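Heads up, there are several structures right after this.
In the two complexes below, chain A is the common chain; its partner is chain B in one and chain C in the other.
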Partner chain A sequence: MRRLIFILPALILVALIVIFPAAETIRWSFWGWDRLEMTEFVGFDNYERLFGSRSFINMARFPTQNPPWGALIHNIVWVIVFIPLTALLGLFLAVLLREVKGGSIIKSMIFIGMVVPLVVGGMIIRFVFDGRAGIVNAALRTVGLDDLARTWTAFPDTALLSLILGSVWIWTGFAMIIYSAGLELISKDLYESASVDGASPWRTFRRITIPMVKPATLIVVVMNLIYVLRIFDIVYVATRGGPGGASSVLAFQGYLFAFQQREWGMASAVFTFLTLAAAIISVVLVRRVK
Partner chain B sequence: MKRPRIILYVIAWLIGIIWVLPFFGVFVTSVRPFGEVVDGWWQLEEFTLTLDAFRQAWNHPDAPVGPALLNSLSIAIPATILTIILASLAAYAFARFEFRLKGPLFSLLIIIMAMPGQSIIIPLFAHMITLGLIDTRLGLILIHTAWGIPWAVLFLRNFFLSVPIDLEESARVDGASDLTVFRRIVLPIALPAIVSIAVLQFVWVWNDFLFALIVILSPDKKVVTQTIPLLRGRFDIPWSVLSAASVLGMIIPLLVFVFLQRYYIKGVMAGAIKG
Partner chain C sequence: MKNRVFFVALALVLALSLAGLGCPDPIEPEPELTVYTLWTEEAERQAFNAVLAEFEDQTGIQVTHTAVDTDTMLVTFPTAFAAGTSPADVVLAPWSAWIVDLSGHLLPVGELLDEDEFTAAHLDPVTEAGQLYGAPFKMAGKPGFWYKPSFFATHDLTPPATYDEFVELLADLDEIPELEAPIASGNGVGWPLSDQVEGFIIGLGGYQLQLDLIQGTVAWTDDVVREDVFGPLVDLLEAGYFSVPDEWGTQVEQLDAEVYGMMWMGDWIIGMVEDSDDIDFFPFPQTDGVVGAIDYAIVTEYTDWPDEARELVSFLATSEAQEIWAEIGGYLAPNAEVPLDIYPPAARSVAEFMLTVTVVPDLDDTIGGAFQSTFWDQLKLLWVNPDLVDDVLEEIEEDAPQPA
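Let's look at the complex of A and B:
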């Protein structure tokens, strides 16, 4: 019994501050709210209102017109662009920097985005895409693409894209170090026998490297899915979800529902969706860790 | 060096430099007056070195960054220490003791690790008001501690499992209690793992924005991540002041990363879902 002392303090704190509130969020999504007072059980009403809300999903505009397409669609677009880009870039950098002298210094440089506060990351995204002071636009002008040079975060057609590209810049360091560790595990013999057989670098990459880093790819994809569900800070700082909701995402939209519009029912429904998505994704993690 | 090697070398460094260029730009902007950088920090016709922007950010009327740095420290240090104490005890139990519901509890920890902070902020906000913990440092410290525990437990449990049990058993034979074994034998061995946790948890709490946004409301209690969004001007964005605030806000995590990189990366590699 005295051994309970070891586990109880941590367990009680986590139960009170994480497990219990997470369960409440789910329960509250099935209740009606008048400002901050619970009124009555309403079943799936909040979810129906959510799917009727254009800030959540706006199929009338997707994909033929510019955003806003609704936070749910923006999150899905984010996943589709962000995950392959970070994985491919991460693997490319891991392979390249393993070969290069001073590669570990360059890796540290690329990893900085994962170390600094995301609000700083968001501020930098706003900064580099600024029409006057931004270096991305200066680069575009230099190569003659003057039409594209403007404050990307301020226009509905480019706000979401600039945030997604910014997030790739911030998070690629993670995929890179996971792949770097994965590459370490590949035996040198495999590469040697491939080169004895006269395989081209591309063939070696496709036939040896890619299959051998499959476990790393799984980690990268799972973790990056979790990161995308959490995207909040950079949206808050760089665009406030705008213009006109064109760069809003679920974590941010739920925050607006809860703390600006005082719509706790709909906000709880959004966050319940995020919780369940995270729980489903974590099944992969549970299997891996055990 | 053969020629292809040199080409790879150049490409690699070019990518690295482009990658950190935005950070470099923030540093340059922070030490130059707004008028000089409004058309780009790389414009060098005029070049004035000044700490004005730091002074303005530090004492800003709406969002003073100087006091905010102290506020961040006063949250991050206790939240890190508490997490280490509670998580190392629990992790030891998960590694060495048998108890009921151990398996399910462990799975639950992993599911919690994957959840976004948004999963809990609405009820937390409501209960913190009821309990009088809203707008208090204690409230935010407790949230960060609870939020950090699952990951820290997992990391330390795996570490404990990799340590041979012999030493602990011989101490028990000599009559040492569980707590004595833990304090005298286990903790010293676990020091490198604990440093990893301290480093990551500290940086994570320092970098947090969401929980602080929900809990801390008084201007004089705001942490540094809360001040940065407040520094955007109404029309022109004051890039120099914003950059200075960003430099102040990121310098501590950066230094921690530079000097304790080995521990930092080890923590991230061990399956850190924190971000």
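Let's look at the complex of A and C:
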């Protein structure tokens, strides 16, 4: 009984600010709306409209033509490109900086991206890929790739990619720190044994380092996945989902439905779908971590 | 020990209760209104504060002015209204469709102004079921392309009188090596490109086409839109005469810095450039109409001070209030009683021009809803991929109003 009393304040808070709004969002997704007023129960109509909408899935363009491919596919592309890139780059940096003198200072500098608020991150991405002043385009011009130098966030074929690459920069610091912690846990004896046995550095990395940092990899994947599913700030600030919906993602599409179009039933359907997807994937992955 | 704590607590409660009983009746709080606007630019904020100061002097009612960005306003008020509250008593907003959508949470303002002082084109878009919900306070004229006369003089350029001359001017500007592009394209939320396209719709298709598109009696895929308006526009886009869209405030600075030759913008640009004497506009050649976008004052149903809020809206709709900002500049008064000679020269030329053509409402502000966000976003796509014009027009048509 006393235990219950201690956790009751937290339970009440969670019920008020998580469970109740989530339950209301699910309920709203089954209702029709007119000018901020709930009108009638419409069953799965909002979901049917959502899945039939090109802004949600646009298979006519995917994958043969440039985006827009629909917010759901953009999120999936984000997962496919972002998570492996972040994990590999994080692991590479963690291994590289492990033995380097002053490595912790360099790690701190890389981790700054993670500390920056995502809204600021979005502004930095827009600036970095700017055609006139961006560092990416300056680098491209320096190496003679002038044809690629332009405002990446303004074009449908590069907007999504620029956001994903920018996010990789922001989140690589997190992956690197997790992997650094994971590397510390690997016994040095293993590396010494491998050395005595004449294993090459690549073989040591493949056969010892990668298997031993598997728990860290799962943490990186789960955290990155949750980040990607709820990604909003960067898209909102850097491209507003455009041009022509070419960089829209689920959370941004929900925002558009809710506040630009005031279609609260559709917005609730998007966020219900997003919540369910995130919950199912997270549960599966967390069980694997266990 | 426990007993001592109990009695101390009891004594405290009794003491506080008695202190409460002994208090005089609570003083009636002084009314203080909160007004939300979109005027985040310093010049606009100061000008509106001058209007509010006059209201405070006349009535003794305190007013706090909060300027927010477009998204904050779009998000804050519908959600607050749904919760039965409002962070402001009075709001000034330019989206008539948004106001009509929220009218169930607003107080009617029809009795607060003299409707004869305004045109029906200003009042009809915010009238719902016979009730007026917005008092016109500010008109943003979007008269044409703005340029620096000194820059034009240096390069021996003259404003065009015909569309052919306009195209020649663009070609001449394109030849100037220090220019990145002849026309700066504003971006951000999305309205700068839509304002420019509306200029082309009215300039090449006539003001009636703008009204037909608002009503939905003409489809975006019709030849009159696709060929007559978007055909020439796409030609100009493909010729590279428009810059890649960038944040509109930055683009105004770039116009000032002579990175671009001209820019389509509303009259508030006058207050944003370094030298307001070195900025002028030319209308779309041979146009018969112009967009006059109105900022309406609305009163929320959830105000604690309904009488005072109505008093403020009533004041804002008068020529007396509107003359205050008109004299400062960067502003056009929707109240017909405001005399032309009160405007500074740059604003007066806009006001005079607007008297020579038909003033029509802003297209996307009037339609609102899904159309507005689709229109804004699809134009961004058109600007960088003009070859997709047919896809763009089909997407816009999907969310466009259908004929009644």
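Operating definition for what follows: the second predicted complex is superposed on the first by the 278 of 290 C-alpha atoms of A that agree within 3 Å, B and C clash if a C-alpha of one lies under 4 Å from a C-alpha of the other, contacts with A are read in each partner's own complex, and residues count from 1 in each chain.
As a working rule, contacts are C-beta pairs under 8 Å (C-beta built on N, C-alpha and C of every residue); 3 or more make two chains touch, one makes a residue touch a chain.
Since this is a predicted model, take the numbers as computed values, not measurements.
Enquirer: Specify the outcome, clash or fit, for chain B and chain C once both structures are aligned onto chain A.
Expert: Overlaying the two structures gives a clash between chain B and chain C.
Enquirer: If we overlay the two complexes on their shared chain A, which of chain B and chain C does A:T209 touch? Say first, second, both or neither.
Expert: neither
Enquirer: For A:T217, is the partner it touches chain B (first), chain C (second), both, or none of the two (neither)?
Expert: The answer is neither, since A:T217 touches no partner chain.
Enquirer: Determine, under the contact definition given at the top, whether A:L36 touches first (chain B), second (chain C), both, or neither.
Expert: So A:L36 meets both chain B and chain C here.
Enquirer: Give the label of whichever partner, chain B or chain C, reaches more residues of chain A.
Expert: Touched residues of chain A are more numerous for B.
Enquirer: In the superposed arrangement, does A:S162 touch chain B (first), chain C (second), both or neither?
Expert: After superposing on A, A:S162 lies clear of both chain B and chain C.
Enquirer: For A:G241, decide between first (touching chain B), second (touching chain C), both and neither.
Expert: After superposing on A, A:G241 lies in contact with chain C but is clear of chain B.
Enquirer: Could you tell me if A:T86 is touching chain B, chain C, both of them or neither one (first, second, both, neither)?
Expert: A:T86: touches no partner chain.
Enquirer: Would you check which partner chain A:N46 touches, where first means chain B only, second means chain C only, and both and neither mean what they say?
Expert: A:N46: touches no partner chain.
Enquirer: Examine A:M114 and indicate which partner it touches, taking first as chain B and second as chain C; both and neither are also allowed.
Expert: In the superposition, A:M114 touches chain B alone.
Enquirer: Considering only the touch criterion stated at the top, classify A:A154 as touching first (chain B), second (chain C), both, or neither.
Expert: In the superposition, A:A154 contacts chain C only.
Enquirer: By the touch definition above, which chain A residues appear in both interfaces, chain B in one complex and chain C in the other?
Expert: The answer is residues 36, 130, 132, 259 of chain A.
Enquirer: Where on chain A does chain C make contact in their complex?
Expert: So the residues of chain A in touch with chain C come to 35-37, 130-132, 150-151, 154-156, 240-246, 256, 259-263.
Enquirer: How about chain C: which of its residues touch chain A in the complex?
Expert: 71, 74-75, 78, 81-82, 101-105, 180, 187, 189-190, 244-246, 369-370, 372-373, 377-378, 380-381, 383-385, 388, 392, 395
Enquirer: Per the contact definition, I'd like the list of chain A residues that touch chain B in the complex.
Expert: Chain A residues touching chain B: 2-7, 9-11, 13-14, 16-22, 24-25, 28, 36, 93, 96-97, 99-103, 105-106, 108-112, 114-120, 123-124, 126-128, 130, 132-135, 138, 169, 171, 174, 177-178, 181, 219, 223, 226-227, 229-230, 232-233, 236-237, 251, 254-255, 258-259, 264, 267-268, 270-271, 274-275, 278-279, 281-282, 285-286, 288-290.
Enquirer: Mind pulling up the chain B residues that touch chain A in the complex?
Expert: Contacts found on chain B: 5, 8-9, 11-13, 15-17, 19-23, 25-26, 29, 37-42, 86-87, 89-90, 92-94, 97, 99, 105-127, 142-143, 145-147, 149-150, 153-154, 178-179, 182, 203, 206-207, 209-210, 214, 224-225, 228-229, 237, 239, 242-243, 246, 249-250, 253-254, 256-258, 261, 264-265, 268-269, 271, 273, 275.
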